Amino acid sequence: MARVVVDVMPKPEILDPQGQAVANALPRLGFDGITAVRQGKHFELEVADDVDDATLAKIAETFLANPVIEDWTVRRVEA
Amino acid sequence: MARVVVDVMPKPEILDPQGQAVANALPRLGFDGITAVRQGKHFELEVADDVDDATLAKIAETFLANPVIEDWTVRRVEA
Amino acid sequence: MSNVDTVKNAEATPDQEQPYKELGLKDDEYARIKEILGRRPTDAELAMYSVMWSEHCSYKSSKVHLKYFGETTTDEMRSKMLAGIGENAGVVDIGDGWAVTFKVESHNHPSYVEPYQGAATGVGGIVRDILAMGARPLAVMDPLRFGKPDAEDTKRVVLGIVAGVGGYGNCLGLPNIGGEVVFDESYQGNPLVNALCVGAMKVEDLHLAHASGAGNKVILYGARTGLDGIGGVSVLASETFDDSAGKRKKLPSVQVGDPFTEKVLIECSLELFEKGIVVGIQDLGGAGLSCATSELASAGDGGMHVWLERVPLRATGMTPAEILSSESQERMCAVVEPHNVDAFMEVCRKWDVIATEIGEVTEGDRLVITYHDEVVVDVPPRTVAHEGPVYDRPIQRPADQDELQANTPDSLPRPANDELLELIKTQAASPNLASKRWVTQQYDRYVRGGTVLAQPSDGGMIRIGEETHRGVALSTDCNGRYTKLDPYEGAKLALAEAYRNVSTTGATPVAVTNCLNFGSPEDPAVMWQFEQAVKGLADGCAELGIPVTGGNVSFYNQTGSTAILPTPVVGVLGVIDDVRRRIPTGIGAEAGETLLLLGE
Amino acid sequence: MRVGVITFPGTLDDVDAQRAVRYADGEAVPLWHGDHDLKGVDAVIVPGGFSYGDYLRCGAIARFAPVMQEVIEAANKGMPVLGICNGFQILAEAHLLPGALVRNHKLHFVCRDQWLKVENNSTAWTTRYDQGAEILVPLKSGEGGYQANEDTLKELEDENRIVFRYVGENPNGSRNNIAGITNARGNVVGLMPHPEHAIDALTGPTDDGLGMFLSLLDTVVKA
């Protein structure tokens, strides 16, 4: 068993209303110095040892992310 | 300027319908060997250098996450 | 700045080659632009003309046919009409001092590429059209067409489109009061997302898009301008395409909607209207600022000067052509008298809406756009907005039309008596006839508390005047298979069905909108379908005595050389003076009801 | 009876909540999110919608609005406060009510007429209902699943603080079929379904929701 983390983020050129809402709210809450925020998704997968990187990439690319508007990264972490 | 990543995840004891939906769908799509999936949020913040760790923790704890149902982590990464 | 193509530069380099073909302009169209300007266009001008003269914005293939709507509309039919074809949306007087505006528009192709965002921004666009008439948007409807129900891709498309319509409309607080869900193979790879919005205002608050009065200010408000939807125009930027970091600028392939920004934009605009500080207003939809500035100027009595560097941007290194063509969502453009600018800005601040004075109405008759003091556009606005090319395209009744019509149900085997039950079960379970609850359950139909009828009723109905109980009913309908068999009769049938659905609610039909979804206008057979459908719809309207007040044409709905079923979606608006007298759909509400069959 | 109805940017059901107050013969007083001012009202309704777009988490941003600081203070002193849908989410985020609302278990927005059972008719907002009565009101939400840890759930059950429960199929995965809850004092109530859309059978499924606003009238008159 391995733990795999997939992060999915809106592409930089795509409007990110979620990140924008957070960025706009922070100064109102008294937090200054945060100049930009982008918000995406974070998946944690428990993966059998025989699942290879190519498969994980395929899962991210075809299912967890929508490549039309999102970028993704996959990394294996300590469980 | 530093880049800070905040990950927010549903607490283990809280139902995670989104993660569950992903976990259920994977075998149907022909991906086997993924035994569990949890889905949370991933934030990337551009932060001025004078924002300290305590402030970042406070942003995560009081705003980006809802500690009633979510855990969070903060880490600084290379920009 | 040095590589911005200015008017001066264009005059000095008359023979410079320009990528007009890549922008979709024909040789003679490009020649006409040169003739209008007396020189070659600048990059920014070329960008403007090419989007504004596109099929989508100029109606160049449909104009000659759409004229027929006007020709068949009598003065009597027109008597309740306050605004008609040519405005952002049609407006009818419904009595008690209320005016109602409604329109349906397509967002087909983007909804195939990215179903959720395509459908969401489709709803956002039509809502801004209604807002631009000065009305409060009150409800939406969504006639949808999908491919084969069991095709794998259909699932992606259906899930995304329904969630997108719901996601955007729910977040705007607009009840969804009806629509259609139809599955047919011909829409595989080409789903139809038509979105209708209806709004209301007091008759005296009607706002028409025009920029009159020299000295008046042009204010852009709403979201920032990004690189959205400028795909085609990027060919103009070959030299300036590298941004400071030396990387190619990335163009978003999809526009992402921000319904929250739109909701705030709506409330902000309505407060501006209420305060009476808006002279003219225009939404930014397809063709963005190109469209808004040229249409505002063209409909006014003067010219306009726009300072393009003032436009608040979301992306770095945008060229003037890109700023002008950007289709970033959730933006509006208003014309305001100078003494009202402060009050205008105050309202925008209250709603946290970014507002920027980007231009001024001028004495002359030119639209002049400068970028850091250099003139990048200097054109007669009418030539951009209203005097685009017009085509009378070849029309040819398809060779197999007779064969198609000859293939009648008479040749089908009759089911035996003991097969009837199975047949009914099969039919009831078929996706086109089954309950649409899976879809409608994702739409808020209660918000605003004015919904009198929604699903599963034949027509939707909302209350307009809370004190008087006056209301309107709406239905959209179309059967593409009938229309394929006989486009003239098919369009009439779509009208008749929508008319009946509105009548059965207890309302009196008063006006018609439409969204004409067809294949390629360059195919003479498609053009024939189109011409026939327009005739059928117009003739039907004349018979029923209600006018077409507006609509939308969507061509090029085809996969390869196969066109979709011709799909002229017809929306009918009816008025009811007391919504408490509405007639709910369905039988069995009370014991002892009598069932009557009307008609033949 | 003067009842404040808050409008945040993105609030949608404020007009409906105001109408419901008027139907109960109250005066609806619009309150603005940016004002530190409750305008001397007797009670407050935090209505439904998508405050600030609800892009981060439903209610997460609204909770910090200036007007909410006043609402929290007044609620803690006993003022009747009702949170409907997004308002419930905001009250939970503001810790006026325990627990949290998460994505519906089937992940779709759900709009339907929903039967509810009145479990507690002694709150400031439910005295007009019979204990155990079943009412039909619209439910319309994408993040309506009530979640709390076991201790909190037990406390709510033991203290009779569950005000409404879903009848029939659970529409969103709420723990213990919870549709609405109250605080220990019974003055703050939050629920996901929309009583303000059920005040007139012309525009809603029933007028069953009106009872909540009439209950408030009794509460305020008694106070």
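Order of writing sets the labels: A, B, C and D. Residues in every chain begin at 1.
Here is the rule we use: contacts are C-beta pairs under 8 Å (C-beta built on N, C-alpha and C of every residue); 3 or more make two chains touch, one makes a residue touch a chain.
Every value quoted in this text rests on a predicted model; they were computed, and no experiment measured them.
Counting C-beta pairs in contact, the pair that comes out ahead of the other among A-D and A-C is A-C. Remark: chain B and chain C have CA centroids separated by 39 Å (rounded to whole angstrom). Work out the mean CA point of chain A and of chain B, and you get 9 Å between them.
With centres defined as mean CA coordinates, chain D is found 33 Å away from chain A.
Rounded to a whole number, the gap between the C-alpha centres of chain A and chain C is 34 angstrom.
Multi-chain contact residues of chain D, defined as those touching 2 or more other chains: 52-53, 55-56, 64. Multi-chain contact residues of chain C, defined as those touching 2 or more other chains: 258, 260-261, 352.
Under the contact definition stated at the top, the residues of chain A that touch 2 or more other chains are 17, 20-22, 25, 29, 39. Screening every pair of chains for touch gives A-B, A-C, A-D, B-D, C-D. Only residues 52-53, 55-56, 61, 64 of chain D touch chain A when the two sit together in their complex. Those residues of chain C that touch chain D in the shared complex are 163, 166-167, 170-173, 258-261, 263-264, 267, 351-352, 440-452, 463, 466, 579-580. Interface of chain A with chain D (complex): residues 17-18, 20-22, 25, 28-29, 39. Chain A makes touch with chain B in their complex at residues 1, 7-9, 19, 22, 25-26, 29, 31-48, 50-51, 55, 58-59, 62-64. Remark: chain C residues 113-114, 117, 223, 226-228, 249-258, 260-261, 314-315, 328-329, 352 touch chain A in the complex.
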